[in-house]
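You will see two complexes here that share chain A, one where it goes with chain B and one where it goes with chain C.
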Partner chain A sequence: MYETARCWWTILRIGLEERLVYRGDFALGTLMRFLPIVTQVFLWWAIFDTIQQVPGARSVSGGGGGGGAGGAGGATIAGYTLSNMIAYYLLSMVSRAFSSMPGLASGGALQIRNGEIKKFLVQPVDLMSFMLANRVAHKLAYYSVAILPFALVFFFCRGYFVDGWPAPSVLAAYAASLLMGFLLGFFLELSIGLIGFWFLEVSSLLFLYMLLTFFLSGHMFPLDMLPQPWRYLVDLLPLKYLAYFPAAVFLEKVTGPDLVRGLWIEAAWIAFFVVFARIMYDRGVRRYSGFGG
Partner chain B sequence: MRRSAHYLQVLLTFARNSLIRDLTFRTNFLLQAFTATSWTLMNIGFYLIIFHHTPSIGPESGWGKYEFFVFLATTWIVNSLLQTFFMPNAHEFSELIRTGNLDFALLKPIDTQFLVSFQRMEWSSLSNVVTGLILLVVGLWHLTTQPDNPLVLTVGVFLLYTFYLLCGVTILYSLMISLAATSIWLGRNQTLYDFWFYITNFSRYPMEIYQRGWGRPLWGFFTFVVPVLLVINVPARILAQPLRPGSSVSLALALFTLVAAVCSLLVSRFVFVKALASYRSASS
Partner chain C sequence: MAIIELQGLAKSYRVYQKQEGLLASFRGLLRRQYQEIHAVRCVDLTVQQGEFVAFLGPNGAGKTTTLKLLSGVISPSGGGARVMGHVPWRRENSYRRRFALVMGQKNQLWWDLPAQESFRLHQQIYRIAPESFQRTLDELTDLLNVGSLVRQPVRELSLGERMKMELIAAMLHSPDVLFLDEPTIGLDVVAQHKIQQFLKFYQQQRKITILLTSHYMKDVAALCQRVVIIAEGHIQYDGSLVGIIDRFSGEKVVTLQFAEDQAIDSLDQYGTVLDAQPPKVRLRIGRSEVPKVLAAILNRFTIDDIAVEDPPLEDVIAKAFLQVDDPAGLESHPDRLA
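This part shows the complex of A and B:
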């Protein structure tokens, strides 16, 4: 038990040190990543102005709710006011900070291809545990630096969060959805990387996954905007937990029994992908043959 | 005269070599074309969803669904032209600087900027020109056949569109080569690529959306200092004419775009030559 903990701690520490080498470049890069939101603000501002001013436009509905950006105060699209929409984009960035796993699948597939995976077969370290610990370390390092630019942007944009902080119970559910988003993202992407045991090159598959994630996780727009058959189909997929779900929880678009059910379904997806990745790994290792030193 | 013919010959050789190289790996070529196209299709999906909720982008801006299709098509055509002809070269250029292989380019009896700008072409990126053209035809078809206030197109409009499309490509090329040239001073330019992506991101939307509140300084900066807002807006506006009747591109804007294209090219040349003067080879 103690040995395992010490092993994990070592992996964690190495990962942290590895990531904190280029701090400045990293913080600047994170800040720049918010730039596309600027164009999103103006795009949605124009769209909300349009549906506000054109009578009979499809999505106009009455009701209060002040717009932080001024102008289109009362108009809503799929239940989102302009402020909600901008807040959603900001929150989806937080979701993705937890659930995106840059280089996990491609790195895993590369290790299989170039034979680096051999060391996990001969050493008493489990590959999946190692990768998880390593990823936790990477994420911790990322947050320790990225929290500054994130805090700065959220402070400047606080006007868009018109309803203020949600209740503590909602915040707890939000934290849970973010943590589970991390786990789901990890095991989902690991499963794709492990396909490398069967196909040596997974980059095109990965691109497809990235494309689908961008569109169907809610990173590009709130999923509530999708027209009906699509909305239902997207609800059946696990991808929405990677960006849409945590943001919707924070904005209280998902509440009550729906929220509880959503969290349970997310947990079930995680369990599914843990088992799936484990089975794939065991089968893959049996298939694998390594030669030379 | 002989000199320009000579350059044309070199250019054609570059094009041929790149095509042969691309077609050597046929599956990879098709796969790249496929992924580029699916990315475009997804973007169109996003705007279809937006137009499911709103009749136009901006009140009385004239950018309705099919006008905006023309806008989007222009964006894809310009971007894929850049990705085909200049993006691989700008990337290669910074590698040449880092590895010191720029020495060989400098020694060749041809203009260095010409050589590093055109050497490699990525033909698979042209697939998005096709997607863009299809979208353009769909948009124009709907605009010219709509019952009230149909769009009237003439050959002159198409010629102007093509001309300003090329002006747009020139502006973005100048920006790209200037950014790439700065890697002579900076050593590496990974962040510069992100920078490029974030700057051009501003050009992908109608310029009216920035003309309000704290968007005005942004609009001014990206129109007059780094003129990326003109790149898509001017040609798309000439073709789709979002505020009919009467053209919505004023003569002043059109002339300014011309001046901006020429100035960008001159500035990029200046930056390139300046940067080359500071080049110190990296090899031993």
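This part shows the complex of A and C:
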């Protein structure tokens, strides 16, 4: 057990060191991810402003959602005021910072195609555990640089969080949903990468996944805006745990038994994708041809 | 004691056969034609502990596929194998801790970090005790003379230096069996020589078992007591290096240094003239003819110096590769067939 922990720590440490080699590119890449946040905030501002100016259109209804606390001018979209929307959007960005896995699926498929995966097959190390530790290192490196700009953005936008800080129990549930979002995102994308054992190239599949995730995870808009039957559909999919669910937990849109059930379902999805990825890996390795000399 | 045992080991691949042209590419989206490639067909082989065996064969002969099978990277389509009592493709950790695979064309170290970091990771992955790790690392860096380079990012090392680091990484856990797939490919003569010396010394010291594939005959001549020639997935020869020369080359190369001031002509009657730069001439003569031909030449000319040698190993091996394509050639030497 101690030896396994030491091995994990070394993989983590080396993964972190590797991430920090190209510091210029790394810092720039991390900071550039904040640009979309600014543009999205302005976009929602403009949308709400337009609604405000249209006579008789101070509320645009969607499929669900409760009434908001009133934002800029009091206009609402599906029950969301401007404040609600921006608070949601910023929280969904935090969710994405945990659940998005840049380069995981494409990198995994590339390793299969060019034969680099061989080194993991000959060494006494489990490839999936190795990749998980390495991804934790990627995330830690990212957070170490991103935490400051994230904090700044939240500080400047603190006025949009009209309800203030949630209770500690909600914060604990939020932390759990974020960590589980990371695990779900990892095993989901790993499964797509492992399809590389059959398809060799997974970029189109990955594009489809990204597209679905963009709309159905809550990255683009809060999912409770969706009308039925779409709302029912996204509740059946695991994608909502990647962005919407943690944000909804923080904003206390999911509470009580619904929150507990949501966390259990998220855990069940993780278990499903752990088993699915493991089966894919074992089968994939069996049919692997050891490409690339 | 047999360390490696292969019985009827076979591996086939299904390979997509794409016709030329864009239209064929679109047709390939709907229906594809596959061809069954038999990379390894029914290979039987036993390797004893401490042997240094060369796997030779033309490109695509099945050498690397056999090494991949033995290191558990791929699973066979038939037959069986045991290495140190383990079935390789089960990839048990107890097996993976006892062997190493070094591929000359594949980098196993972390590209952007110093080799030291990859070594440290290997220490943890292979559960090497700290004192044993340091002792082995010092010994290996000393032997390969790369102590000052372990803190340099791998991407900034030369090809030869990188290969030395790959070898160190592979040896840190003191494997009992080592698979080397063209470890000296692309290296200059000096680097090749150093790696050969290292492998020879290390193998003799530790009595480890090594299977080597290489296209450099100097590697083979310097290191291997036993040579296995594989072609078209079959073992075509299994024996000593000297045996290959006996088996595949019935000729000798005779170099004659003629004394000055004499006409050198009509040498064709004695053998094939390989090179004529009077007063030095090289002839290829049938092995059994050598005494008779030399006597005739000495009788006719005044000779200052004579050298009788085996043809270059590369030539013999090339001939061997050509001959194994010709079953008739093999049928005439059934005793040599594995």
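In the analysis below, the second predicted complex is superposed on the first by the 231 of 293 C-alpha atoms of A that agree within 3 Å, B and C clash if a C-alpha of one lies under 4 Å from a C-alpha of the other, contacts with A are read in each partner's own complex, and residues count from 1 in each chain.
Going forward, a contact is a pair of C-beta atoms (placed from the backbone, for glycine too) under 8 Å apart; a residue touches a chain by one contact, two chains touch by 3 or more.
These figures come from a predicted structure and were not determined experimentally.
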item	value
First, second, both or neither for A:V21, with chain B first and chain C second	second
Chain B versus chain C as contact partner of A:T10, first or second or both or neither	second
Partner chain in contact with A:G103 - chain B first, chain C second, else both or neither	neither
Dominant contact partner of chain A by residue count, chain C or chain B	B
Partner chain in contact with A:A78 - chain B first, chain C second, else both or neither	first
Chain B versus chain C as contact partner of A:V125, first or second or both or neither	second
Residues on chain B engaged by chain A in the complex (per definition of touch)	31, 35, 38-39, 42, 45-46, 49-50, 52-61, 191, 194-195, 198, 201-202, 204-206, 208-210, 212-213, 215, 218
Chain A residues touching chain B - in the complex, by the definition given at the top	25, 28-29, 32-33, 35-36, 38-39, 42-43, 45-47, 49-54, 57-59, 69-70, 77-78, 204, 207-208, 211, 214-215, 220-221, 225-227
Chain A-touching residues of chain C, taken from the complex the two chains share	13, 64-65, 68, 71-75, 91, 93, 96-97, 99-101, 103, 105-106, 108, 110, 112-113, 117-118, 120-127, 153, 181
For the chain A and chain C complex, residues of the former touching the latter	3, 6-7, 10-11, 14, 17-18, 21-22, 115-116, 118-119, 121-125, 286, 288-290, 292-293
